[in-house]
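In the two complexes that follow, chain A is the common piece, with chain B as its partner first and chain C second.
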Partner chain A sequence: MDSTTALFANAIVAGLLLGGFYAAMSVGVSISFGMLDVVNIAHPAFILLGSYIAYTMNDRLGLDPIAVSVVLSPLFFVLGAGLYRVYYLCFEQRGQESLRGLAFFFGILFITEVMLVLVFGVDYRMSKTAYADTTWRLDALDFPMRLVVPFLVSMLMVVGLQLFLSHTFFGRAVLAVAQDPLALRLMGVNPIRVKERAFALSIATAGVAGAFLIVIQPVQPAIGREYIGLVFAVCVLGGMGSIWGTLLGAFVLGLAESFTSTFFGPSWAPAVSFGLLLATLAFRPAGLLGR
Partner chain B sequence: MANSIRIDGLCAGYGSVQVLERISLSVNDGETVALLGTNGNGKSTLMKCVMGIVPPGAGRIEAVIDGVPYDLVGRATEEIVGLGIALVPEGRRLFPRLSVEENLQLGAYRRAARAALARNLAFCFEAFPKLIERRKQLAGSLSGGEQQMLTLARALMTAPKILLIDEPSVGLSPLLVIHTIDKIRELKQRYGLTVLMAEQNFNQAIRIADRGYVIVHGRIEFEGRSRDDLSNNELVHKLYMGL
Partner chain C sequence: MSIKYLPCFIGRMLGALLVSLVLSGAALAQQPLRIGFGMSQTGALAGNGKAALISMEIWRDDVNARGGILGRKVEFVQYDDQTNPSTVPGLYTKLLDVDKVDLVVSGYGTAVIAPAMPLMMQRKLVFMSLFGLNVNSKFKYDRYFQIMPAGPDPAVDWTRGFFEAAATLNPKPQSVALVGADAEYPHLALEGAREHVKRLGLKLVYDKTYPPNTVDYSPIVRAIQATNPDLVYLASYPPDSAGMVRAASEVGLKTRMFGGGLVGPQFAALKTQLGPLLNGIINYEAYAPDVGAKFPFLDQFLAKYQARAAKEGVDPLGFYLPPYAYAMMQVLEQAIKGTGGLDQGKLAEYMHKNSFDTFVGKVSFASNGEWAQPRMMTVQYGGIAGNDVAQWKKSGLITVLYPNEYKTGTVRAPYHENRK
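What follows is the complex of A and B.
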């Protein structure tokens, strides 16, 4: 391979690996916003909470962050279920979900961030794993393990979620619940319970994505905000409420970012990503795979 | 086994607006009963009360399912559906961004219905061949007539014992109304359903109804104990035939 080809090929590899990580961060938002109409802008806060829990277990006990996050995902599930309960009782039940719900989740985002600052301070934290500094080489292609491991686990999680949602009765109820909750009741389904469990699932994915984040890069409490824009761009680009769409959107933005960083410099990456988003929406307002 | 509904002294409304005033009616095992009434007289409200969507202010609603009596007042809608009572609602209420097949599968959510999913699905496709052709199409993009069939089929997927149908003829061409009413009769016979059907189209409803009630301003103004009884009634003539 000559050097330009190698640069090009490596940009593709890095873009796909990055995309896999973006998909893990976005899939929860695709569920809460896209399928449930729950305006959870606090999603990045739960990602960060996942990062810090993984960090603590890694730092104190030397456990692998990603393994910890998978084992603790039921905890995030319960947290998500509880949060939805509160949101439902205070807002949704009274039909005040739009603006006040947004304020509620903004508050959760803010409070979580402040709590993390109080407990961990504002310094960057990193995890230590055996694979973080190793890179697997194939010819001229680089496969940095700190991206490969999250990528693989993310694919398992995202594809697993998609299969679960498209092939089970529960999954179909999740797809239907925002379209007409009363009609769902007429099918003998309790829409509140469906939303609670689906929202809990979305928060469980945030915990795992948080572990990916701290494996990939150093983390500090305010970093969540940097990812809000990206996560929404991925979901909107792919099509709200479509998990295959979210995966595709994540790959497209991962590739766009990787290519602009390689050939033009990292500071151009956000501009290109959002330019791409706007161009796509001009031609396909529902996103790439939106129904 | 016996499936029936008995409503006694039912009062209901929305906020301060009283819509139903001491309604009493019954649907016996295996009957098709028509609830006749023009716009805004409370047909849908009555159906919603039975399904637990609108809470009654007073009165009793009791259902017998497979010989076991249940008090329906105070139960959640999904619980009532779980007992084996289905509503084909006004306005169809399909899941527009799900496919025809997904809509039907959602109908079979409750446990008793899942067991019968394959059989019921095959029957729905046999009864409504149009739906097979369109099985992958989004429900929101179906024609009005196709949507009405899908709504009926989806309600059947819940494997009900008692079926409430709210104005199946709305928005359909005269020929489709005839077809839909024929289908309802066919489905009823095939599944041995007990049916309460709200209709404005008297001539069509009377084709399949064993008997019926006329509801005016939230009161039962006339109870026709047979088809002939209804056809020969003066109030019915005044309301439906402009005589």
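What follows is the complex of A and C.
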């Protein structure tokens, strides 16, 4: 493989691996924001919470952060269910979810951040795994395990979620609840319970994405803010409420970032990514796979 | 009141005035000396900011134990600047106009020092700053002072060690790649590096910056590798230092020298997290155990700092920023005592004309407020095994390449063969 071809092929691999990570970060927002109309701006805070829990188990007990996050995802599910209950009772039920609900999630974001500062301090933390410093090479192609392992687990999670939401009664109820809660009620389904569980599912994915984050890069309590724009951009680019769209949007942004960094200069990467988002919204306001 | 009582009345009034003047003078002496600053306690540089804050608090407690400055106890008024430059002007305006502090000093780092400069100049205040690189090159403010030992031509002196070490390679390097984060410090460091590229007649094959919140740095390293440079100079902040070092290892970067201006590996957190990945990397350090004998003044500080740092969960080594944060306050203390007050003009004049004994040695300032003599060392990491923090206190892991008076070895090149 000549050097230009190798550079091109590696840019594709790096973009896809990065896209896989972005998909894991964004799929929860796709459910809460895209399907449930809950503007959970605190989603990155739960990702960070997942990072720190995975870090603690890794640091104290030597457990693999990703395995820990999968095992502990039911805890995040319960946390998400509880949070939605509070949100519903305080805001949604009273029809005050738009502005006050947004302020509520901002508050959750900052409280979580401060809590993490108090418990873990402000230094950067990183997990230690056997595979993190290993790179698998195929001819001129590099596959850093630090990104490959999160990518594979992310694909399992995202595809699994899509299958779950499209092939189960609960999944179809989630899709229906954002469109017409009253119709759902007439079908004998409690829309609040459906939303509660779906929101809980979105928080559970944040916990797993948090483990990916701490495997990929060092984290500190305020790093979540850097991802607010990204996760919502992926969700909007892919199409609101579409899991496949989220996956596609994440790959598009990952590939755009990788190609721009490789061939044009990394400082252009955010401009190209968000330029793509704007162009997509201009021609397809509903996003790539949105309806 | 009859005229005959007038002298008595005036006498009483004068007496009362005298007593009130004496009392108010005594009260002023009792008023604390308030020093205000912003410091990063959250955000990307919070780990470093917190370590600096602890050092400054140790200084404050030491001074107050000695009875304060000019008979006044020292008090800090400080806010979290969130490592966010946009918070800085408002924060210092509040310190000056609402909190009415007597003096201000800077927070940690170029990014939060530069935004405070216009306000300092407008109010004609002495501004003692903590580890800002070449901030005064544009402002040219005569009341600006800087505690980092970067030297009178900061950007050029800062990057000199890397290029002087490169010049010792045989055969001479021909090409160089410059890369850094899109932030104040890397921009200024890269400016200095370009001067050396010109001076040494090197071919510049890559000169680009990246957004600080980049997740995957491997495409950047691959793009650099495609230009096949002899040297790669990197100016980065802690998260991207970690990202670039990891990416260089994953991609298998082949170059003769890599590093130069990475912020982060000076602190225990990144030293332990990156561990053996630092092998072969060239960087800057303010201290190395191999030349510990040349820094006898540091022991007094470390004895105070390390016990408290362990308790507070910040940088347990304290070789880099913390002693300079303490020294910054020592300079201010000696200047106030030397001038006998807080007159900003007199303080600035005194600081320009005198040298100061501190825990980082003797400090004297050049006309632009930078250290008169540079002292930052260019080093190469090697022989690191595992992620244990204690190994960094022993000699042998940090070879000093420059300046010559501290030199303990020569460059081990190429980088990729010394990475293991």
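The rule is simple: the second predicted complex is superposed on the first by the 291 of 291 C-alpha atoms of A that agree within 3 Å, B and C clash if a C-alpha of one lies under 4 Å from a C-alpha of the other, contacts with A are read in each partner's own complex, and residues count from 1 in each chain.
By definition in this document, a contact is a pair of C-beta atoms (placed from the backbone, for glycine too) under 8 Å apart; a residue touches a chain by one contact, two chains touch by 3 or more.
No experiment lies behind these values; they were computed from the predicted model shown.
Enquirer: Which of the two partners, first being chain B and second being chain C, lies in contact with A:S258: first, second, both, or neither?
Expert: second
Enquirer: Can A:F105 be said to touch chain B (first), chain C (second), both, or neither?
Expert: Neither partner.
Enquirer: Would you sort A:R291 into first (chain B), second (chain C), both or neither based on which partner it touches?
Expert: first
Enquirer: Going by the contact rule set out at the top, does A:L184 touch chain B (first), chain C (second), both, or neither?
Expert: Only chain B; A:L184 stays clear of chain C.
Enquirer: If we overlay the two complexes on their shared chain A, which of chain B and chain C does A:V117 touch? Say first, second, both or neither.
Expert: In the superposition, A:V117 contacts chain C only.
Enquirer: Using the touch criterion from the header, give the chain among chain B and chain C with more contacted residues in chain A.
Expert: Touching more of chain A: C.
Enquirer: Looking at A:L18, would you say it contacts chain B, chain C, both, or neither? Reply first, second, both or neither.
Expert: second
Enquirer: Once the shared chain is lined up, is A:A176 touching chain B (first), chain C (second), both, or neither of them?
Expert: Once the two structures are laid over each other on A, A:A176 reaches chain B alone.
Enquirer: Touching chain B and also chain C: which chain A residues?
Expert: In chain A, no position sits in both the chain B and chain C interfaces.
Enquirer: Using the touch definition from the top, list the residues of chain A that touch chain C in their complex.
Expert: Touch residues, chain A against chain C: 3, 7, 10-11, 14, 17-18, 21, 113, 117, 121-126, 128, 133, 135, 142, 144, 146-147, 216-218, 220-223, 226, 257-259, 261-263, 265-267, 269-270.
Enquirer: Touching chain A in the complex: which residues of chain B?
Expert: 51, 53, 76-78, 81-82, 86-87, 89, 93-98, 102, 105-110, 113-114, 138, 154-155, 158
Enquirer: With touch defined as at the start, can you tell me which chain A residues reach chain B in the complex?
Expert: It is residues 169, 172-173, 175-176, 179-180, 182-190, 291 of chain A that touch chain B.
Enquirer: Inside the complex, what are the residues of chain C that reach chain A?
Expert: 41-44, 46-47, 49-50, 82-83, 182, 208-211, 213-216, 218-220, 222-223, 226, 238-239, 242-243, 246, 249-252, 264, 267, 269-270, 273, 277, 313-315, 387
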